[in-house]
Every structure is written in C-alpha cells, then in structure tokens.
Amino acid sequence: MTDDAKAIEAIVMVAEEPVGAGLLAQLLEITPSHVEVLCHELAESYRRENRGFELVRVAGGYQFQSRPEMAPYVERFVLDGQNPRLSAAALEALAIVAYKQPVSRAQVAAIRGVNADAVMRTLAARGLIAEVARDEGPGQAALFGTTTLFLEKLGLYSVEELPPLADFVPGPEIMDSLERSLLADSAPQLDLRGAGETDSDVTESSL
Amino acid sequence: MTDDAKAIEAIVMVAEEPVGAGLLAQLLEITPSHVEVLCHELAESYRRENRGFELVRVAGGYQFQSRPEMAPYVERFVLDGQNPRLSAAALEALAIVAYKQPVSRAQVAAIRGVNADAVMRTLAARGLIAEVARDEGPGQAALFGTTTLFLEKLGLYSVEELPPLADFVPGPEIMDSLERSLLADSAPQLDLRGAGETDSDVTESSL
Amino acid sequence: MPYTVSTPVFEGPFDLLLHLISSDKVELWEVSLADIVDGYVATLAEIGDGLDLETATEFLLIASVLLELKARRLLPGREAVEAEEELALWEERDLLVARLLECKTFKDASRELDRRLDVASRSWPRRVGPGELYSSARPDVMAGVSPQLLAEVMRKVLEPRPVAKVELTHVAPVRVSVAEAVAGLAVSLPARRRVCFSELVERAQERLEVIVCFLALLELYKQGYVDLEQATTFGTLEVIWLGDSANNAGVEALVVEDYEG
C-alpha cells in the first residue's frame, strides 16, 4: 500500500464529517484526481476483503461507514433511535425542495395543492432543509434548499446525483387518461393536439 | 472473514468511545475471549496490509485510530482542514447551552428554530459542552451543559459569572415567548407542536 | 351511481383527483360531482380530528373549476359562447392538467427519495474525530470568544423572530392559512376577552387576510370557543372569548396538522 493511500485512511479515520478530495489532495500534495483513484482503490479493497465497514463518497467527500449488511448488529449498539420515518407528505415536500431549490413555502404549497408550513417545519427541524436565501420580491419570502445532512441521509455526493426529474414525469398513458378525464366533450373548434402541446409547454417550464 | 469479525469492525467503526470486549460479546452472542481473539486477528490484518489505521485496545475497550506514523498528515488535517472558528450557528447553540443548562438538543433546536444536532456534535467534539444528565421524561433525552474547558477558555470561574441576561433583555414578553417555546418543547412527543407554537407567537404579533 | 373513495387519506385535492383518474380509470365526466364531493366529505369525516381546512378549501377550488367545465358542457347553446371565454376555459383545463402532472411527478420522485433514505439508513457514519491525541494541534476555536460576545449572541437569539409575512410570489397564488389564523386567535383572544373584529384585522394588508381571519373566527365559533355579536346589520361585529384564559389547549390541538406520522 502506498503512503498516500495510508495517509488518506488515517485522515478519514479521524474526520468528523466527509473529507473532500480537494482537501485531501492539498494535505498530501497530490492531484484531486489521484485522490479519487486512491479512494476508489481503498473502497475496492475493503469490499474485496469483505470488511464490516466501507469507504463511501457522500456529501461532497469521503467517509467511513458501517456496511449495510451489518445494520442488525450496529442497530443494537447505537442507542439513539433512528428518527421516525417521514410521512408521505413530508417526503413529497422534500422532493420538491430537492429538485426546485431554492424554493419558497408558497411554491411548495402550490405544487402539492395543500398548505406546506407544517411539513416544511418538520423538514427544517430534522435538518434536511434550511433557509438558504430570501426572495428578492416584495414579500421577501424565505427560500429553502437541502442541507449537507440531507445528502448524508440519502447517501448522495451532491444533489446532481439525484435521478433527473424527467425520469418521473408521468408516461403518455397517464397524460392521456388525465386529458380524457378532463376533456370537456370534443370542442369542435379546438384541436386536441394543440392542447396537448400547451400542456407539455406548461409542464416543461414549470419543472 | 467471519460475520462476527465483520460485525466487530462495523460496531467499533461507528462507536464514539472504546467498545469493551464484554459489550461486543453480548451484542454478537459469543464469548468475550472469542471477541479478544477476533480483535487480535483484525488488528493483525491491518498491520499486515500496512493500513493507515489500527485497531487498539485502550481504556478497557477497542477503538480505531490513525497509525502513529501518519501523525504528520493527521496533524496537518487537524490544523488546516477544519474550520478554526466556531460558526455563527455553533456560537448560538453554545450561548443557549451556557445560559439554559441543562438543556436538550430539542430545546436548543426549538429556540434556534432549526435542527441543532450537527452543531451540538461539534461543540461536544471540541469539549465545550457535554452530556450532564438525562431528562426524566419518557424520551430520556440527553441534557447538555458546559464543561470546565468552556470555563477555562472564557476565563470564568463558574457559569454564574456570565453577564446576566436581564441586562440585555428589554421586555418580559421575550422571556415569555422563550419560556413558552421551551415548555412546549419539553412536552414529550411533540417536536412538531413545539415549532408550531413558536410560529403562532409570530402570527399573533402579526394579527 | 354512488362513488366511494376507498383510499383512507388524501393529502390534497390533487391526490384525490389522481386517485380517481389513474387508479380507477374513471371518466370524471361520468361521475357526478356530488358523488366526488360526498366521497371526499366521507374521507374527511374518517380523518375526524385531523380535519384539514386547507385541504378542504383547495379541494373546493378545484371542484369549482371542474364544475364550471362540466356546466359548460351541459348547458345548451355553447356555440354562442365567446371564443375568448372558451379559450380561457381550455387554459384552465390545461393548467389543471399541468398541475396534476407536476404533482404526480414529485410524488413519484419522493418514492425514490424514500428508497434512498431507507438504503442509507442501514449504514452509520464514523464521526469520532481525532481525539485527545491531537488536541494540542487543534486551532483554538474559542479564540476571540468572550463572555460578553456570548451574552450578545444569546440576546440576539432571544429577539423575536422576524414577523412572518404573507408570501407573494408571481409563481404561486397567495396563501394565508386559516389554521395559522386560528392558532393566532387562540393565543391572543383569551387575554382580550372581548374585541371588535375590525381591531383584529386592522393590520391586515390584504383583503384575503381579513377573509381568513373571519373564517378562523367562524371555525372557533363552530367549535364553541367564541361567541359573535352584531347588534345591527353591517354594525360592529364583536368577538367574545368563551373559554377561560388558560383554556386554549384544545384549540391548538385543533389546528395542528396531522402530517407527521
């Protein structure tokens, strides 16, 4: 094992939060991309040796964590109970903040069609979202974004790692059935295809 | 590698203090002497692979630490890598703990209006605050207070020497609203309500 | 044909519509609106104490759009309808479809977040720190922190938070929460006992705030927390708090929304 790899192991072992490749590179006087390669090799070696821990790339850096299969044992040891699961409503609001940040409470409420104050408070209290800016408009509404804790809790390196929202846009069959359901008879003077295009325009610009 | 050895690695990796062989034996449902053997083998394997960390037996338990030869890197990391000053959020939490001790994480969060876990962890890691008691309520939340190190750093003999808040707080309504939010939060199950009531105070003044 | 809403809880009108449209392949136009409303009201009744005024209100709004669309279809002489009006109606419909699609998109995205949260929750991070060994190497984080600074920070923390304003953005409609207004009144009324409605809303900036305050009062009246007196038509409306000054706990319970579960 190279001294550089050893140094990375030593540093990440004493870090209280994920250590960025940039910082490691600076401390070791090597390039960040070399750091990435070494970390990848280390993670691979732990996997190969079937260790009880792993080196992961999360929240902008590298960190040691227990391997998921060992959860039953670690659970018994860790006293702090995990937080209760988020409700479906809180998860939806979280998804909206994650993809549309920075976003105001009112915008979240508009998308979900219900008041979002309570769920936004819950998410902030859990540390998953935080006020990141103020709207420039007259109301100076608080704008929310996701936090580092959010990345850690989801095992993400950055929000860019979230699957693209386009993956979740309902398929044509759902659109069709929505269209049909809300279609006020066949309006002779209006072309249905035209309406369809308007829909996708609206959807696109609002996503 | 056996599952028992993997479980030991996982538990010791996330433990904040050395984990005793007795406790590991209990968690894994094996004998303490078997734990000792496995830990010895693990330590041996890290040495053989020339890793940057080691498994050591200290203070009656096992813990991971960086290998002494890597100290120059770790020192640089400790010195440069971490933000040398307390963040505004950490300073706020520290002030709240100093003035309101003993106080739970949830109470600090209620006063600040946002999650306080990360900053409380930072303060504890710096030795400025520590768990001093457990709440008697059903949740048995950890209660925090400031440490001797905190007093030393501020050149105080006791926390009573902190400037009295009465000098600063202009009106009773502020203390009132703080008390209310504290009270609301100590109601066992209601994290959410706590935050809600703080908000309704705000609403009140806007009506 | 009676329509029963079988799923126990709908988070909002979009939820309900999506459910109706996607799971049961119902043509909304073949279901009488009264049936949808009945089903929804039944659902709300099942929720019981967790009744959410916001949800109910928003649902009514959407139902009214549907009603309008449907009425247009039923009324004779549609040819006479101004083209402009017809177009506006189509725009409403398109907007509704767009909102439903957007809502569904995030609903599906939230499942993916949930899955990732679940996967990640089976690992615990190491957060141990360098420990005593390196304590001398650490920069002193308390450098520059004095007892006076700490007191100053504490004073700032204790300052009342900035007053929450009604958020106005061009993207979303103005929303003032009736639940919040109820909570606010439950705090302020017990101390004042008897107060004119005009005093309650003197600081309102929008007509909507006045309306919301009024709706909140009606809610409190319905629940038996206040009495309302008006000597003459268009005369002064007086609000009388009926509970004792400490007894507003029930009202607060009323407005806590049942999201966390």
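The first chain written gets the first letter, and so on, giving A, B and C; residue counts start at 1 in each chain.
Here, a residue touches a chain if its C-beta (ideal position, glycine included) is under 8 Å from a C-beta of that chain, and two chains touch if they have at least 3 such contacts.
Here the structure is a predicted model, which is why all the values come from computation and not from measurement.
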Hop count on the shortest chain-contact route linking chain A and chain B comes to 1
A student comparing A-C to B-C should find more C-beta pairs in contact for A-C
Of all chains shown, smallest offset between own Cα centre and global Cα centre goes to A
Whole-angstrom distance, CA centroid of chain A to CA centroid of chain C, is 25
Whole-Å distance, C-alpha centre of chain B to that of chain C, is 35
The positions of chain C in contact with two or more other chains are 124-131, 134, 165, 180, 256, 259-260
Touching two or more other chains in chain B are residues 13-15, 64-66, 74, 77-78, 113, 121, 125, 192, 196, 199
The residues of chain A that touch chain B in their complex are 1, 5-11, 13-16, 19, 23, 26-28, 45, 49-53, 64-67, 69-70, 73-74, 76-78, 117-118, 121-122, 124-127, 130-131, 148-149
As the complex stands, chain A meets chain C at residues 13-17, 53-54, 56, 58, 63-69, 71, 74, 78, 82, 84, 86-92, 94-96, 98-99, 104-107, 109-115, 117-119, 122, 135, 137-141, 152-156, 162-163, 165, 168-170, 174-175, 177-185, 187, 189-190, 195, 198-199, 202-203, 206-207
Residue set of chain B touching chain C in the complex reads 13-16, 63-66, 74-75, 77-79, 82, 84-86, 91-92, 94-96, 98-99, 111-113, 121, 125-128, 150, 153-156, 161-163, 165, 167-169, 173-175, 177-178, 192-193, 196-207
The chain C residues in contact with chain A across the complex are 11-15, 20-22, 25-29, 52, 54-55, 58, 62, 66, 69-70, 72-73, 83, 86-87, 89-91, 93-114, 116-117, 119-131, 134, 165-175, 177, 179-180, 256-257, 259-261
Touching chain B in the complex, chain C uses residues 124-131, 133-135, 137-161, 163-165, 180-181, 183-188, 200-201, 203, 213, 252, 256, 259-260
